[in-house]
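Both complexes below contain subunit A, partnered by subunit B and then by subunit C.
Up next, the complex of A and B:
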């Protein structure tokens, strides 16, 4: 069974089309070229679907790193 | 100030080379901005360009910028221009969208697009002043970033004065302005998405995607069938947004500058 980070990693690999090793627990938006505005929105929608959460507008602006997403979900 | 450019024929090129001073850019930057138009490659183009540049150089009071927009596939014209000291600063693409096939997307109830009122002007002008940095005015090392920023503020201010449709994107619960869209009706069916931006502190968070989508939905409600715009290919985020919305890209255009400076002034 995948843990939270591994689930986020799997989503990001699919959305950003990058190898798994690029998605680290410390990853920030500015460190990954493919993590642009459009893919960020797709990621937020995917997180809602995967984890059954409803994101707020403020969350869009703050969930811009893996640590922030992990903290939000846990 | 006039927003028309009067084009004059250059020498005996029979209208194949024309030029005209751009009043608004000349005023903003404080020296002549001239648009050069070349209708096609022709025998003698290089000599005509050389004569034109000589003419400009001899008549500059202090500084002068000449710009030209050429379809990117006209490589022989572009080569002739670079040989005369023009340098490429930007590639633009035309974006054409069929609004009828626009699909709805995710929205947040708190976010709202509405026509801008007078009270909104300071906030959206502030966004216009800070949101743009990938265009030729910012990329040209001979031009001041401060004046390049002001150019967008000026553009939007004139849109408001002309009563173009300017929309403000806001977070209702926080009374926070997130961005704006500036639209111009070209004809009953077609709208030009003239300018749009998200506040820099909210960029890269997906808000631009939602704003653009909502703006285009609004155009569809206004019974517009098509949307057109032109953007710099440097702005890859916006390119991807429009691609995702199903729009197509046409008319790649290379923009080149020529700059002359007889002044001692430093940028």
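Up next, the complex of A and C:
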């Protein structure tokens, strides 16, 4: 079984179309060019579907780094 | 933590399929419930791995709201139907700028252009409370709306010349201005918008016949407001859809290219047991099957009603069933709760032959391609067999749960239509009549007896001006019985009618089974000289085999003779489809006068021709 980080990593690889090693546990939105505002929404929708959560509108603006996402999911 | 996604189900499904068409068909049943974005991307990847041909399609999307998030859905729904889509998203909110000649949009040269808007984009006044306006102000809005939209579509005709344009308006997020009372109010918002849509659709039908309007409201009907739309994304990012909403929205918009550019379904071929009725008639007898007012019989009655809708929408129905012919015939004729009767079926094939054999026979009998069939059966075995042996046929597997039967054809894009005419409504009648003619031919044996028993009436019209659009249509559509295959527009036909040097002669044919309408046409030029030239001679394949072409030609030769003409010249222009008539002129005693050229000396015209005896001929000549 994949752990939570690995699942997020897999999603980000798929959505941002980047190699796996680019997605580190410390990654922030501003560090990755492909993580633009549009793909950010795709990521948020994917998180909801993959983890069965419902994000609040404010979460959409704050879950802008891997640590923040991990913290939210845990 | 809950794990909802299961990409493996997509991989598993793909394992079981042998062609992209088969995989796509299976996926489409999935795509209706919640296919997650990850699953959808896996499906796209797998669909691309098939080596079957994909056709390129250029789609431009212009939105007054965020539309780029729909990207994956476009690619997915395109591949499901064999399209490799090249997508162009106009910059957000640049609708007006992009619709100028010379814009990036115009350079992209899209095949389809989608204008995804809100009502207020066309007319800001539509955002104000309608019940705050006077009746005069309110009544003015639809006219202003129509003229503003017309202006926009006029610019589109220049900027994206040749592209099909589809207009769609987003349903409103907010509730009705008068709330609960709206339905009762004289200034009802719902009534106002129904009226506005009516004006919009007639504007497009009449002024822009190759453009379409799609009603975004369907999303709310299918998924509900909270299921289709996402408030969070709308207010934070101006993107209106939930994942399911976006998926369904694009599926609808893709129907336009799918219906225009992929083979059309023309005939729905149905199994009987557990499809048209519940149970197995061969085992339980007519009294034992489920078909009536109680559950589960009412599900099958309802399904038959849906089929009747489709029949009048223009699709043919046929039966292909493994049964004793007598059992099926008895139910169709005598069961009091059958909705569909013999007269609704273009063909009824009941025997114990493998279904693919029967389907091939059916294609020949109805003169339709196999790719125009939709096969509907409850047996997974039969469905699989048809998919394997005749992959061009689309297959619907009917659920074993009666509750799911009535709606089993509801979501099929293939059964949607893009226009509706009287001809569509009545199409099946012609096929049913043909079936009966064939049945009579079997009992008659001798062709001449058979033709006489039909009591055929031929009505010839010379230079009649009432059916110009039908005449143009048959020059466009007739391929097999067509000597020169020249295609003419309505304007061409009109100019022949106005020209003394031309003659436009056509005939309609009726018999004891009904009227076939206008089925034959002859266009002749050089009418003012001694030698008439037959430019076009064609007949609809509906009436082949009844010597109508011979009778029509000989009757017309007599007309020429009466006009004191000396000779008639004709030619045969071979195409890939008209070898049926390569000997036509020679058989009718025309003399070869050059390569594929023939002529007939009217001095040799016999008084009678054997074909003429089968018809009661009436001829109307306009002077």
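In the analysis below, the second predicted complex is superposed on the first by the 74 of 74 C-alpha atoms of A that agree within 3 Å, B and C clash if a C-alpha of one lies under 4 Å from a C-alpha of the other, contacts with A are read in each partner's own complex, and residues count from 1 in each chain.
Quick note on the criterion: a contact is a pair of C-beta atoms (placed from the backbone, for glycine too) under 8 Å apart; a residue touches a chain by one contact, two chains touch by 3 or more.
A quick note: this is a predicted structure, and the numbers were derived from the prediction, not measured.
Number of subunit A residues touched is higher for C, counting subunit B against subunit C. Judged by the touch definition given at the top, the superposed model places A:73 against subunit C, while subunit B stays out of reach.
Contacts of A:60 after superposition on the shared chain: both subunit B and subunit C are touched.
By the touch criterion defined above, A:52 lies against subunit C but remains apart from subunit B after alignment on the C-alpha atoms of chain A.
Once chain A of one complex is fitted onto chain A of the other, the partner contacts of A:29 are limited to subunit B, with no touch recorded for subunit C. Once the two complexes are overlaid on the shared chain, A:14 sits against subunit C while remaining clear of subunit B. Once the two complexes are overlaid on the shared chain, A:37 sits against subunit B and subunit C alike. Common to the subunit B and subunit C contact sets on subunit A are residues 37-38, 41, 45, 56-57, 60-61. Against subunit A, the residues of subunit C that register as touching in their complex are 1-5, 36-38, 41, 66, 68-69, 231-233, 235-237, 239, 243.
Every residue of subunit A that touches subunit C in the complex is listed here, in rising order: 4, 11, 14, 37-38, 41-42, 45-46, 49-52, 55-57, 60-61, 73. Touching subunit B in their complex are the following residues of subunit A: 29, 36-38, 40-41, 44-45, 56-57, 60-61, 64. Remark: subunit B residues 106, 108, 110-111, 171, 202-210, 236-237, 240-241, 244 touch subunit A in the complex.
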